[in-house]
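Only one structure is covered here, and it is reproduced in the block below.
Every chain is named by a letter (A, B, C, D and E) in the order it is written, and numbering of its residues begins at 1.
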Amino acid sequence: MSSSNCVIDVKNLQTFFNTENGVVKAVNGVSFSIEKGKTLGIVGESGCGKSMTSMSLMNLVPRPKGFIAGGEINYFYEDGSKIDITEYDHDSEKMRKIRGNEMAMIFQEPMTSLNPVYTVGDQIIEAIKLHQNYKNKDELRERAVKMLKKVGISAPENRVDEYPHEFSGGMRQRAMIAMALSCNPRLLIADEPTTALDVTVEAQIINLMGELQKDMDMSIMFITHDLGVIGDIADEVMVMYTGKVVEKSDTKSLFSNPKHPYTRGLLNSRPVIGSKKRLEPIEGSVPDLLHLPEGCDFYDRCPKAMEICKNEDPPVFEVEDCKVKCWLYREEEKAS
Amino acid sequence: MKLVKENSYILLTVLILFLTSGLASAYNQAPVLDQEVENGNLPAVDERLPENPYVTEVVDRIGDYGGTLNWFATNATDDPKLMALYNNINLVRYTPSLTIKPDLAESYEVSDDLTTYTFNLRKGIRWSDGELFTANDVMFWFNDIIKNDQLTAESGSGWLKIQDKLPEVEKLDDYTVRFSFAAPNPYFLEKLAFPGRKPYAAAHYLKQFHADYADQAELEKRIADSDFDKWVGLFESKNSKKFFRNPELPVIEPWVPVTEPPANRFVYKRNPYFYKVDEEGNQLPYLDEVVLKIVSDKEVLSMQVVSGAADLQMRQLMTSNFTLYKNNEKSGNYKVLKWQRNTPSLPTFAPNITYAEDEWMRELNNNKKFRQALSLAINRPELNQVATKGLAVPRQATVYPQWEGFKQEWADAYADYDPEKANKLLDEAGFTERNSDGIRLKDGKPIHLTIYIGEDPNLPRTMNMIKDYWKDIGVDMDFKGLEKTLHYTRRDANKLPWAYIGGASWSPTYPYNFIPVSNSYSSGNWWAPLYAKWYETNGKQGEEPPAEIKKLMNLYDEIQITKDQDERVELWQKVFDIHAENVWMIGTNGLHPQFVIKKNYVHNVPETALASWDYGAYFGPSEFYQFFIEKDAQDK
Amino acid sequence: MSKEETILEVNNLKKYFPIRKGFFKRVVGHVKAVDDVSFFINKGETLGLVGESGCGKSTLGRTVLQLLEPTAGDVIYNDQGVKKDLAETKGQELRKLRRNIQMIFQDPFSSLDSRLSVRDIVAEPLTVQGIGKDREERTEMVKELLEQVGLNSYQMNRYPHEFSGGQRQRIGIARALALNPELIICDEPVSALDVSVQAQVLNLLSDLQKDLGLTYLFIAHDLGVVEYISDRIMVMYLGKIVEVADSDTLYQNPQHPYTEALLKSIAIGDPFSNEPREALEGTVPDPANPPSGCKFHTRCPYCSDICKTKEPELIPTGEDYNNYVACHSRDSLNLESFKK
Amino acid sequence: MKTETNQSEKNINEIDESPEILSRNQLMWRKFKRNKLGVAGGIVVLLFYLMVIFGGFLSPYTLDHKDYSNITAPPRRIRIIDQDGLSAPFVYGYKASMDPETLQRNYEIDKNSKYYIDFLHRGDEYNFLGLFKTDLHLFGVNEGQMYLLGTDETGSDLLTKIILGGRISLSISLLGPLISLIIGAILGTVSGYVGGVVDGVIQRIIEFFKSFPRIPLWLTLAAALPANWSSLRVYIGIVVILAFLGWTGLARMVRGKIMSLREEDFVSAAIASGSTGWWIVRKHLIPNAMSQLIVSATLSIPSMILAEASLSFLGLGIRAPMTSWGVLLQEAQNVRTIALHPWLFTPALFIIVAILGFNFLGDGLRDAADPFSN
Amino acid sequence: MINYISRRVAVMIPVLILISMFIFFIIQLPPGNYLDSYVALVSSQGETISAERVQKLEERYGLNQPVYVKYWKWVKGFVFLDFGNSFQYDSASVWSIVKQYLGYSILIAGSTQIFMIVVGIPIGIYSATHQYSFGDYFWTFIGFIGLSIPNFMLALILMYVGYFVFGIPSLGGLFSEQYVTAPWSIAKFIDLLAHLWIPVVVLGTAGTAGVIRTMRANLLDVLNMQYISTARAKGLKESVVIYKHAVRNALHVIIMWAGMRLPKLISGSTVVSIVLSLPTLGPIIYSALRSQDMYLAGTVLLFQCILLLVGNLVADIILAVVDPRIQYN
C-alpha cells in the first residue's frame, strides 16, 4: 500500500521487551501506513502497545530492555525516497535528521514533557536550530515566538522566556505542539495528547491540531484510549489489543459498523449522553502480556467466543475494506 | 670560707687571647656573618663577644660552620619553646657530670650559711639585638616582673621562695647581683639550673610594655592594637621568653626565633652576639639555622625520622619503635644513640596508706608484707621484654644510679621475681584463705585492688601483665583510666586507693614522690596524701603521720638546712634506706634508654649522656650549640 | 425542597487554604477551594458534581466528609431523623457518625494499603468501629462484602497488588460498604480506569444503589459518566456552584454559560459531523487570585459589565424551582442544549 | 460458540491458578533475592554475626591468653601436606630468635615441631553468650601454638581478638542504628503526623543537630564520659553517643515518608471509617514507613563501624581490656606495624569486608523496599 | 530572590545563637578546664605550681566565672571578629589563629569537593547510561570499596607506600620544604598542587563513591522522564540529551549534598589532617578540645556550623538558579 502519497508504511512491526520474567511482546506484528494529510487514530486500553508503536516509529524504544525485533518501518521523504527506520541506530545522524524534522511527537503528560530547567523558548529554539537554517539569534527567537503565536498562546513575546512551570497544562501542550511543529514535520505522532487535560482544554487542543493539520498538510498519528476523541479527528482508526491490531477501518465505518467484538465492547462501554441504557461492559480485564492465552487473546473476555478461538489465534480478515482479526469473519475468508 | 668556682677554661682562653692578639681578631665567626660585618650591619666579632667568653669544650672536634639542622615535634604550641629550654642559658649550668658550673655568671660565691648567693656576670655579654646584658636585666626581672603583683601569677616564682618567702635581690654593681634568702637554700644553684628558669629579662626592650616605665598614651595605643585589653597581657605576650614566641624579644640563646607562631615550621637563626666560643675561639653556634617542624602525630614523626628527614631527633621517639629505628639506620643514614635516663621506674604503683574511704583497704595498704609480696610477684624481666624490648632495667622504685649516693641494694630490694616468697609473705600476713577463684581473702573479703592510671597508650599492655602476675599470688587487680588532671585532683583529695605514678622521678629539688611533704598538684605525694597535707599545713589539716613517716619528714627538714653536700647525700641515703624496706612505691622497670637519632654527618653529639629534664633539659649539659653538620653534608 | 427526604444538607460551606508569603510566612491570602457552597442530597439519589480540574470538587467531597476541616459552614447529616452538624462534631462522636458516610477514591493504587491483605483492608472499618464480635465474624462479613462487589471471597487473603485496577476499585467499594453507610461520596471512582472496566464499575455502583438504597455524591470530570449515573448534577467553577439541575434538564436546557461551554466541548465521537467542537477559550484562572465579580466572566462569551463586579447568587430556577443557577443573565440567555 | 458464563468469575479462577499468595514482604524478599550483590552482602553480614555470636567457640584462644614468648609472631598456615605427603591438618612450630642489634624478633618455621589440630578442642575456659562456662573450642592445638593470623604485641592470638572484637564492633553498629531508629521513628512520626508547631520545633532540633560538626561532638561527648566508668558503661556510652548523633537523618526520612503517606487515600479511607490517629499511625503509617526505615538504618551501619574506628583512632573509643575492630586497628595504626608486623592490619580487612557487606545488603534492601517499581 | 536570601539569613541567626550556646555548653562538659591541662603540662616538665598560683591564674583567665559570663565574654565581640583569646597560644587572639588555618581548610575542603564532583559525576553518568554493563558494575564495586576504607587508614598507608615503596620523602604537609615560608609564586602554587592531591584523594574517596551512587540513581530517574523523550524526539544527539537535558536535572541532589558536605569535610578531615600534617582547622580543634582551650575550640566549632549553614544556603541558591521551579517562598 505504498502509494506515492504515503508518508509512513509499517510492516509487521514487532517491538519486544526483555523483563525478568520473560520477553514481553509489546507490539506484535503491527502493519499500517499513513497517507499525506491524513490522520490515523490508534485506540486501545492501557497496555495494548499503542505507545510502543509510536516510540518504535521514532526509533526511541527504551533501551536496553526494549528492542525492535522485526518488521519494517518505511518512511517516505518528500522526494519519494524511503528509509527503513529499523535499520538505523537510534542515535545515527540519519535518525536524528528524521526526528523532530520529518516526524515530530507530542506526549501524554504536558506537565512533564517539557524540561523544567530551560525556558519554553529555549526548548523550541533548540529544535529549530537543529533542523532549520536559522542561525541568527533574533531570527530563531522570532521563529519561536511565531510558533507560539500559531498555537494560540497569547503574548508569545513574553511567554517565550518563561519556564514550563509557569504555564498551565493546556498551554504546555500548546507549547509542545509548537515545538513539534516548529520544523514543519510531515508526520506528527500524538501520544494521548489530551488525556490529562480538561474537556474544555481538550476541545481547544483537538481543534488546534485539526487547523494546523490543514494548514501544514501534515499527517497525524493520533493515539488515544478515548473513542470520542478519535471520532472527531481521525480519518482511519486502528484498534489495538495486546500488541496486535484487531480492527482497522475508516472512522465512519468503525463507528457505524464495528466488527470486532472488542471494538463493539469499547463502544458499548461508553455512557451515551441522553441514554440511560445500562452499559454493556467488556467483562474481565486485559490479560498479562507475559501470559497470553493460546488462541485469540480476547477469547477470555469475548461474548462471542467460539471453540476455535480458544486454540487458534485468528488471522486478519478483510471485510468491506476493513481489516478484522477475528474468527467471526472466517466465512468471508479473504485473509490478507 | 668562700666557695669559689672558677671556670677552668678562663686561663686557657686568656692564653689563647694572648697568643693571638697579634692577629686581626682574636675570635672567628661564621662565614655568613662576614658579609654583615663588612657591610657594617654588625660589629666585629671581638666586639660582639664578652671580655671573657664562655669556652665550650667540644665533644668530638672543632666544628664546621654553617648548615641547617632539622628536627621534629608534634605540638605546635608547646614544642617551639624547646629550642629555648634545650639550650638552657642561665647564670649557672649543669655539666655532663651533673655538677654545677658558672655560665652567664663568670663566677659565683655562696655564703657559709647557704643564704646568700652572689653572681659575677660576664662583662660584655650582649642580647641578640646588641644591647649589653647587665645586672639591670636581673633587677628588672626581679623587681618589675617577679615582684609585680599583676605579673607574678604568670611568671611563677615558687621555685625562688624558701620557706614561702622571696629572697632579696641586690645589684652590687653593673655586673654583680646578690640573692639573699631568709633561710639556707642549699639547692638554689640546682634550682637555677633547672630548665626554663631565667632570672633576667631584656629590660631595654620590655620597658616599653611595662606600665611602670612606658609612656602611658603609647602603651594604651599598643594595647588597643593588640589582642589584649590590659597591659599585663600585652607584656606577657611580648616577654614570652620561655615560650620563645615573640621574635622581636631580644634573647641570649644561641639561636634566635624568627617564626611568629602559630606555624608548623619554626626557624631559628644564629644569634651573632652569642657569648660562647669553642676552644679555638670560634664563636658558637656552628649551625646557621635550626628548623623545628611540627607534625601533628607521633606516627608521622616516626615516618619522618626513619626516612631520614630529621638531622637530630630525641623527642617523641618511642621505646617500642627501637627495631623500626634500627632497621632503617642504613637507609636513613642515621644512627640511633642510646642515652641514659634516670627514670626510677615506669610504671610505679603507689598504695595509698592514708586512704580514708575504706578502712579495710587502708589496712591492707599499710601492711608492709603485702606491699613487699606484690613487688616480689612481678616478673620484671619478662615485663621488660614484652613492653620495652628488654631495654629498661628491672628495679625497685628508687633513686637512679647516676646519683652520687646511689646504692644498688635499694634497686634490688624486693625487686626479684619470687612468687614463692611472695605467697609466703601473704600467708604470713594472714591472707591464707582463698575464694573459689583463688583470690586471697582479708577479713572474709577477697583482695581486690583498683588502680587508677593516667593517660598512656602503652599502659594497658603493662597493666594487664601485672594483673596476671598478681593474680598468680591470689590478688585481684583492676585498672581504670583517669584523665590526667582528674588523676591529680583526685589524688590531692585523697580519693585514690591505689595510684599509678608515671616515672616516680626524684631529684634533690623534687623530693615529693619520696617524701610526703606537699599535697598540691604538681608536687603532690601519691602514697600518703593526708600526711603530706599535714606537713604542708603545719599540722592544721590532714593526719598526723606515724613515727616512720615523721622520720622521713625530719630528714627532709634537715637536708634543707644542711650546708655540706656530702652530709646531704648521707641524709638522702637514709631516706632511701627507709624506702627500700617499706616499699611504699612498687617499682617495675626503670632507667629506660632515651634514643637520640642523629644523622651520620651530625657531630659533637655525645654517644651517651644522661637525658634528664631536671638536669638542664636533656640536651643542656651536652651543649647543643656545639653540634654541627660536617661541611660536605651541608649542601644536601 | 422536600426536606423529609434530605439526607445531607450543606450550608455555606467554606474551605480556604492559606497562602503564606514573605519574611515571616505571613498569611497573605487564601485559596478559596470551596467558597460558600450550599446544597442538599436526597435519600437514594445520586448527585453528580462536575467541573474542571482545580475547581474544588474533590475538596468539597473531602470537606463534607470532614477529611478536611471546613473553614466555615455546616454539614448537616440526617441521622434517622436527627440532624447532626458534622462540622461541629468532634472526636468519638464524629467517628461514630462516620459509619454513615463513606468514600470511594479515585486512585485504585493509593487508596489501598499495599501492606494489608484484602481481608484486613475491608475489615478495617469493622474493626475500628467495633462491629462484629471477633475476627471470625468479621471475616464472614468481609466474605459477604466481597461477593457483593463481584469478587470471590477466597481472594481475601491476597494483597492489592495482585489485582487489576477495576478489581481494586471493587475492593475499595467493598470497604466503603462495610459499615453499611447511607451516603457514599464517590470521588472520581472511574476516571483512572480503562473504558471497558469503567463500565463494569459504573454498573456495579448503580446495582448497589438499587439493592442497598444508597445515596451517592458522585464527583467526576467526565460529563458522560456523570450524566449516566446522576439524578441531579451540580456544576462547580472555581470553588463555587454555578448550576444545579436534574441531569436531563442540565443537558437539555443548561442555564449557565459555563455549563453550556462544558457541554459543547464534549467529544461525542461523531465521525459524520464535520463541525469542530466549540471550545471554551482560555483556562481556569489561578484560584489564589480569582477574578472579581462572577468568577467565570473572564471566559464567558456573554459577559456583561455587571458580571465583572458583582458576584451572582445561586437562585432557584426551572419549573418547580428545584434547580439553581448563579448567573446575572440567566433570564436573558438562550443557551444551546447538548447536541447529540 | 461458547455460552456466556460469568466472565468475572472465570477471571478470578484464573488468578487462583497461581499458587502463591505473596504479601508485600514476600515480594520484597523475592526482589531482594534477585540482587546478587545484595544477597552476597547479606550472607557476609550473616556470617559475621554468626561468627561473633559463636565467637567464644570459634576462636581458638581467649582474650586472656597471652603468650609472652611469641610476641608479634607472624601468621601460620594450616597445612595438610608434610614431607611425607598428605597428613591430618597441622601447623608447624616457631623457632624464635631476637636480633641482638635491632632487637627484632624473628620467627622461623620449625619443621621439626608439628602440632596437629584438634577439633572440638578443650582449651581455655570462656563464657558462652553469658549463659554457661565451657572450654570447648572448634579447634586448637594441644601443645605448641597455633596463631593462624599471628599474634600482636602482647602475644595475643589475633584471630581470637578479631573474632571477639567483632562482637563489640558489630553490636555497636547494630545497637547504635537501633537506638537511632527508635528515636528517629518516634520523633519523625510525631513530626510528620502531628505537624504544625511540634513539627517546626522538631525540625529545628534536627537542623541544629545536623549543623553540628561530627568529630568535635564525638570528641567532646566521649571526653565527657567519666573516666572511671567501667568498660561496659563506656561501651554503652559510646553506642548512645553514636546513636544520639545518627537519629536526625532517620527522623527526617520518617517525617517525609509519614507526610507523604498521610496524604495517601488509604489513610483518608481509614479516617473516613472512623479510625483514631493512633490506629492510623500504628496500622498504616509506621508499617509503611518501616521498610525504608530499616533500609536507612542498614545503610547507616557502615558509618557506625567507621565511626567506632575513628573514635578509637582518637583514643576515645572502647578501652582495654575490651577490644573492638576499631581498637585493634588503632593499635595497628603505626609505622612500626606497617613496617614490621603488617599482619596486624588484618582487622582492617574485616572492617572493609563488613562494611562492604552492609553496603551491598543495604543497597539490595533499598531496591527491594519498593517491590512494585520496576 | 533577595528577599529569600535575607529571610534565610535571618532564620540562620537564631539557629546560630542556639548553636553557639550549645557549643559553649558542650566544650564545658568534660571535667576540668584549660588551666588543669596547663598545670598538668607544666608539672610534667617538673615545675611546681602552688594552689594559690592556680587560683591566680584562674582569675587571670576568667575561668572561675560562671558559664554564662564566660559565654557572654566570648559572644559579645563576634561582630568585630573578636572571638576571645586562646589560652594555648599564649593569649593570642583566636581570630589570628583561625584565619591562618581557615584558608587552607577551605582550600582542601573545596578542592576535595571539586575532586569528588569532577571525578564522581562523569563516572555516575557513565554508570547510569551504561546501566548493568561491566563498567557499571565495576564502578559500583569500586565505589563501595571507597566507602568502606577508613580515611585515616588510607592516609597512613598512602604515606607509608610513598615513603618506603616510592621513596617520596614528604607526602605530608601542603608544601615542600623550600616553599613553606616563601612568598606566593607560580612555583609555590605548583608545589601546592603537587601536595594537595594526597589529602584530596584520601578525603575524597568515600565522597566520590557517594557522588557516583547518587548521580547514577538520580540520572536513572531523570532518564525515565518524559522530557528526555521529548528531547530525543527533537532529534538531539544522545550525548546532548544526556548532558544538556538529563544531567542538569539530576544535579539537584548533588548540589544539596555538596552544600551539606562542605563543613563535614573540614571536621571530617581532622583525623586525616593529623595523619598528613595538614595545616587545617581539624588538628587545631582537636588539640583545642583536648586542652580545653574553650574560646579557640568554640570558635572553630562555630565556624564549622556557620560553614554548614552557609553551605546549605549556597546550595539552595545554586539550586534555585539551576532549577527555576524552586520558588523562593
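Here is the rule we use: a contact is a pair of C-beta atoms (placed from the backbone, for glycine too) under 8 Å apart; a residue touches a chain by one contact, two chains touch by 3 or more.
Molecules present, by chain and UniProt name: A = Peptide/nickel transport system ATP-binding protein; B = Peptide/nickel transport system substrate-binding protein; D, E = Peptide/nickel transport system permease protein.
Please read these numbers as outputs of a predicted model, since none were measured by experiment.
Traced through touching neighbours, the fewest hops from subunit B to subunit C number 2.
Minimum number of contact steps separating subunit A from subunit B: 2. Here E is the chain whose Cα centre lies closest to the centre of all protein Cα atoms. Relative to the C-alpha centre of subunit C, the farthest chain centre belongs to B.
Among the other chains, B has the CA centre that is most remote from the centre of subunit A. With centres defined as mean CA coordinates, subunit E is found 40 Å away from subunit B. Averaged Cα coordinates give subunit C a centre that lies 55 Å from the centre of subunit E.
Mean C-alpha positions place subunit B and subunit D at a centre distance of 48 Å.
Taking each chain's centre as the average of its CA atoms, subunit A and subunit C sit 33 Å apart.
In subunit D, the positions touching at least two other chains are 8, 223, 333, 335, 339.
Taken residue by residue, subunit A touches two or more other chains at 283, 285, 301, whereas all remaining positions touch fewer. Multi-chain contact residues of subunit C, defined as those touching 2 or more other chains: 200. Residue ranges of subunit E in contact with subunit A, taken from their complex: 131-132, 225-227, 229-238, 245, 248-249, 322-325. Listing the residues of subunit E that touch subunit B in their complex gives 30-32, 36-37, 39-43, 45-51, 53-54, 56-57, 59-60, 85, 88-93, 96-97, 100, 156, 159-160, 163, 169-170, 172-173, 180-181, 273-277, 279, 283, 287.
Note for the complex: subunit D touches subunit B at residues 66, 68, 71, 99, 101-104, 153-155, 223, 227-228, 230, 315, 319-321, 333-336, 339-340. On the subunit B side of its complex with subunit D, the touching residues are 298-299, 302-303, 306, 320-324, 326-328, 382, 385-386, 389-391, 452, 455, 457, 460-461, 464-465, 468, 480-483, 486. If you check the complex, the residues on subunit B that touch subunit E are 75-78, 152-154, 156, 158-159, 194-196, 227-228, 232-233, 236-237, 240, 243, 245, 259, 261-262, 264-265, 267, 294-297, 299-300, 303-304, 306-307, 309, 483-486, 488-489, 505, 507, 510, 512, 518, 520-523, 613-614.
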